[in-house]
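Each chain gets a letter, A, B, C and D, in the order it is written, and its residues are counted from 1.
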Amino acid sequence: MDSGGSEVILSIKDVCKSFPGVKALDKVSIDVKRAMVHGIVGENGAGKSTLMKILSGVYEKDSGTVVFDGQQIEHTTPQQSMQRGLAIIYQELNLVNTMSVGENVLLGRFREMKGMRGTHAKARELLDRIGSKIGTTRLVSELSVSEKQMVEIAKALSFESKLIIMDEPSSSLTAEEMCELVKIIQQLKDQGISIIYISHKLDEIFEFCDNVSVMRDGRVIDTKPKSEFTRNELIMQMVGREIENEYPERPQRVGEVLMEVRSINTRKLHDVSFSLHKGEILGFVGLVGAGRTEIVRALFGADRVRGHQVLIEGKPTPILNPRDAIGAGFGFIPEDRKLQGLVLPFSVESNISMASFRKFTRLGFLRKSIEKEIGTRQVKALSVKTPSTKVPVVNLSGGNQQKCIVGRWLEISPSILIMDEPTKGIDVGAKYEIYMLMKDIAERGGAIILISSELPEVLNMSNRVLTVFEGRITGEFDPKVTSADKIMSAALGFDGECS
Amino acid sequence: MTVQGTNSAIRVGASILRDYLVLVMIAALVALTALIEPKFLSPENLTNIMFQFGPLMMVALGTTFVIIGGFIDLSIAGTINLVAVVTISLIQPMGQVPALLTGLATGTVCGALNSVLILSSGALTQAEALFMTFGLSTVYSAIALLYSHGSTMHFWDITASKSIFQAIGSGSLGFLSWSFVIFLISLAALWVFQEMTAEGRAVRLTGGNKTAARLAGVRISRSIVVIYAIGGFMAALGAIVLFSRVTTASPVIGVGYETNAILAVVVGGTTLKGGKGSVLRTVMGVLLVVLMSNCLNLLGVSTYLQVVAEGAILTFAIWLDNRKHM
Amino acid sequence: MNGTGKGATLYKILTKQKALIAILVMLIGMLFSHSNFYSAFNLLQMLSSTSILLILAFGVTLTIIAGGCDLSIGGIMVVAGIVSIKLMNAGMPMGLAIFLAILFGTVVGFVNGFLAVHQKTEPFIITLGIGLLLTGVAQQLTNAHPVPAQNPSFMMIGNGYFHGVPNLVIIMLVLFALTYWLMRYTEFGRNLYAIGGDYEVARYSGIDVIRTKWLAFVISGTMAALAGVLLSSELNTGSAVYGETTALVVNCGVVVGGTSFAGGIGGIPQSALGLLVFGLLGNSMNMLNISSYFQIMLQGAVIVAIIWLDSYAQKRKREAV
Amino acid sequence: AKVKAAFICQNMANESQAFSEKQFMKYGADFGLDMYTFDAKGDSQVESQLVMNCIAQQFKVIFLNPNDINAIVPSLMQAKRAGLIVGMFSSDLSPANQKYRDFYAGSNDVFAGKQAAEAFMKHFPNGAKIVEIGGQAGHDAQIKRHDGFHSVIDSSNIKVIDYKACQQWSTEQAMAIMEDDIVKYGHEIQGVFVHWDNGATGVIQAAKAADLKGLYIIGIDGNRAGYNQVLSGEQAVSISQDFVAMAKKDMELAQKVVKGQQVDPINYIPLNVIDKSTIKNFPVPQW
């Protein structure tokens, strides 16, 4: 078989797909060549995930044709498309938490693997291939997010696929793990496998994609070799307008100490103390699993942690549960928006008003008109893409869902907003809006704690950065003057360059 | 334009039909029975129905909240047993008002105890609550048996005044029975709670996604206590209406009420997944369950076939209701 | 408590297995009871009388692991028992009658599966409804009169012994082995775990989720019918009133054993332990002559306690509340 | 030494059963018995397990009131094989199976049904339309009372216009059935046969609510409910079972068998027909 660079493995022509009230895909046509990495970018809700789900057989397309490996594909199921050699790593993690790593890698193929022993042996082999040392008998629920991602990749590899779709695989990977992923992608390419790579991280797109398609509003705007795009052009095509900078200026006026946190100790955290100033954005940098989330959860009263002290403007403020925290002026955007952030079947407006509905009650009675007002206001302010505020939030794209959570907190204008991976899976345009909001909050005298696995984001937005390694704070830096390398090595506990 | 008009009318009609399917089934049942047995629509029978649906209605209204809050309560049967024997036995020594209040308090405490055990263990899934309350139902029933030594108490054992209970059981206010008036008041109160209060919203959010609700500052433990306390209180009210109606209370008087209540709630269209539903829907669900047995009695269907028919119609209603969510 | 090696494993097993602890406590407690608890006769009898519940539990476990549950087993059980006896009394050969009765359970299981899996109706409520319907069918079939079996060899299935061991125990053990093997060593079993663990993921991974989960209901129905035939044989009678509380008790026992009602976690041995708690508890309490109402109370309390402890242990593990 | 004996109660949550249990405990010593009680909780399978349990505990005598007279037979076979003395209480095995028990003391539910029928025939010599409301469907007493009743009433000029059994022995269900029957038949109904006196309470309430006077209501049990209702004239007849006498008789028989004496296998304790005219002859029942 010849893996000449011009042969088309997948040809999508005029594919349309509508959901009630939304035209998610409008005559989409894309050709993917053999042994190439095809990047797809586009803002939230552009239809990227929908297109991929049509390819894998989760959704049925309304019209259009799909030709894969010379075969026209009409109705397909996830099972059939996998057997044809089309594997997909979904945007949301797709593992069975209650089962072992090995069984997850080869889910549904127990017989083919000749039992449990065969399953684990094969899984080991696949994991070794991507350089992962995760034990195959471990329960998936015990893994960190990035480890889960590795398991997903191993799972996709297990099908001897000709095409692997990766829908934002890197949204929860650290830099080091990202290096690993790049290597894997290179390997796959060498083996003649094509990859569709969806990401909001433009660095990645420019690093290793061969061709790039840009989607907007359910349409393909342009498909070209990467080399023919400039970064700004790409951004402009994605959002339909010019964006000068990816990051706004960081907030200028850092004031006196707003909050002091003294010695948080848990099984995982060791004597975590830090302070937060008015008007400041404080970034936390660390590997996945370093304990950043645990720190802020403890602070917010989400986990039962005792013995630490929180002083707000010098006053000791006991925080035993999230309510206390909100009362003390906190807001919290959790890292997992579906499980921790949203009530998926509820409307956009009731999700937005979740933290503030008690404020618009009178004698314990709700006032619904105000709820609608709040919903409408935030939807407009954050330009959430939704047909109406009454639509169940589950129908929105990932990025727009995230905006709803941001809107929820903006409504009560917290003095300290904790943002755990606030831009995970959010497009450039929306990201910029969120950065502006952060800046706005800070400049009005509030403070922000920012956790992000995207290093540039933390470094460009924060006034001050704390590095976290294995539950300890290992350093404090001013990102304006310190090099990224230096900060990373404090966060890694060693020098973590890609080799 | 006219075509479009009729089209949209049809669409609206279809969506109402889908939304209020139980209502359609009730209407069909009523029409069919009235056709075969005209006495069905006689004032006597309507009065009967008004009295018959009292106890289950109270219980099911309470259960609705537990289900909207994402939980389930099987302890209802035990609670009814306990409240019935305790209340009736206290009328003589304490007088009727204190007995009534003690009875209601007993139910509320049972409900609250459910929630305390659930919260203290962190059994925050519906399934854990299901079996926890199943165990508790047994415990409450056992207490009722121990308390009453297994014997039945009768109204004529009571020489003290029991006028309140007699009124609840068989008295009328104009053409409405007192139990119906109590039902209307409870319904109104619970509907207001569900639709218009902050706590009602908190309950709904808790049912929708506990984790997210908590992180947004909703006091989910309070919501859980509230729903179970309401469940217990309404079960107590149901127990009182029930024993007042039959003028006797045995320690097994509540058998079957828990599953009937859950069935009625779900038939009404409140989903077990939590977060969605309404007490108004429950009224329709209970109406269907009670009407069914009334209709089948009037049609002279044997008890055994009645059970078959009930099971079949309930299953069918649940299935149909489910289809509209698909 | 960070022991090492075997100690740690034992600790882990014990904290995971509340049902096992309860059983051990009862067994040790009964050592001091001056009763005939520890006679071979009593132990075998206890096991034999729990066997039918165990068989029901094995089937139900499949549905629960797949993320469903089956509350129609009580109804299936009584109808199957009645059907087998009625057919035999009408002159049908025993084997054929039993086969048809079990086939009936298979059919009901198929319908359950259709409603709960294919149509995605809430299994808890829909099987409750089917169970109610079947209770009515049983009453209608018998006119609410228990039907005694006239074939003496039928009675021997449930009351006979094989080398001193009650037949019921042997049948139960065979089914235990069979279902254990099914869940542990076949693709069907592993797929059930995957489906219960995460339905959508299993679907995306190419498992035929509907057919697999459906089959779990079919097996549960079949096992319930088999249990019904055995019960009728043990009592030599078919009656509509036998299965009243069975469904909840069995589902509860499965959960007490440590199979998660959320699906994906647990197994046949756990279910066996859970039901044994009930069997053992009833037997011990009778041996100790505990009065009836206190027995009922204790039974409830044990259920509450085990589920409380289990949830409490999980609460500490659970990441977010 | 006292003889170890057990009473296996049908269902202790049922008041007549709970009362019977107390009689065994109270008078056991008088008959040289060391009495224990077990509760079958209304479950036939539990009841047969309890028989096994008594064998394991080496009881000498068991008395039992079966939930289901056929279902209990296999376990009684074992009991006989193990040499236990088996006494039936209140409910006897069918003739074919009587070899698996030693004796029986109790009232005859078939007979109770017959007596109810006779009372109706006496009151309505010219025929009447009546309603029958049965106890828990499938329960032994419900079946026998129904069968006994019909063996007599079917050949009379009294017409049973409606018959329904309940799902439990539930006053509420009896009441609901009566209410619906009143709607359907109204003043056509002249009499009601309810299988148990607590059920009659529900029937009386239904009749009161519908202002239906002069119903001739017959119940079985003769408990406080029945006694009071007859006394107040709301119920015409209560056919009373004497559980004290039954329990004593059973224990007396057991004592004799232990001593090796011959006893009558079947010992009917007479049923008392309590009506307005005879009520003064009976003490107020204790249950």
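By our rule, contacts are C-beta pairs under 8 Å (C-beta built on N, C-alpha and C of every residue); 3 or more make two chains touch, one makes a residue touch a chain.
What you are looking at is a predicted structure, and each value in this text was computed from that prediction instead of being measured.
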(request) Farthest from chain D by Cα centre, which chain is it? Let me know. (result) A
(request) Skim through the chains and flag the pair connected by the most C-beta pairs in contact. (result) B-C
(message) Using Cα averages as centroids, what's the distance between chain A and chain C in whole Å?
(response) 44
(request) Can you check how far apart chain C and chain D are, centre to centre, with Cα atoms defining each centre and the answer in Å? (result) 34
(request) For chain C, jot down the residues that touch at least 2 other chains. (result) 139, 144, 260, 292-293, 296, 320-321
(request) Provide the list of chain D residues touching at least two other chains, using ranges where the numbers run on. (result) 12, 137, 165
(request) Give me the residues of chain A that touch two or more other chains. (result) 302, 339-340
(request) Examine which chains touch each other and state the graph shape they make (line, ring, star, complete, other). (result) other
(message) With touch defined as at the top, which chains are paired up in contact here?
(response) A-B, A-C, B-C, B-D, C-D
(request) Using the touch definition up top, name the residues of chain D that touch chain B in the complex. (result) 12-15, 17-19, 137, 162, 164-168, 170-172, 175-177, 179-184, 186, 198, 201-202, 205, 208-210, 224-225, 228, 232, 287
(message) Looking at the complex, which residues from chain C come into contact with chain A?
(response) 185-187, 190-191, 193-194, 196-198, 200-208, 260, 263-265, 320-321
(request) Mind listing the chain B positions that touch chain C in their complex? (result) 74, 117, 120-125, 127-128, 130-132, 134-143, 145-146, 150, 210-211, 214-215, 259, 262-263, 266, 271-273, 302-312, 314-315, 318-319, 322-323, 326
(request) Mind listing the chain D positions that touch chain C in their complex? (result) 9, 12, 36-39, 41, 43-46, 48-50, 52-53, 55-58, 67-68, 70-74, 77-78, 94, 136-139, 142-143, 165
(request) Spell out the part of chain A that touches chain B in their complex, as residue ranges. (result) 300, 302, 321-323, 325-326, 332, 334, 339-346, 350, 354-355, 357-358, 361, 364-366, 408
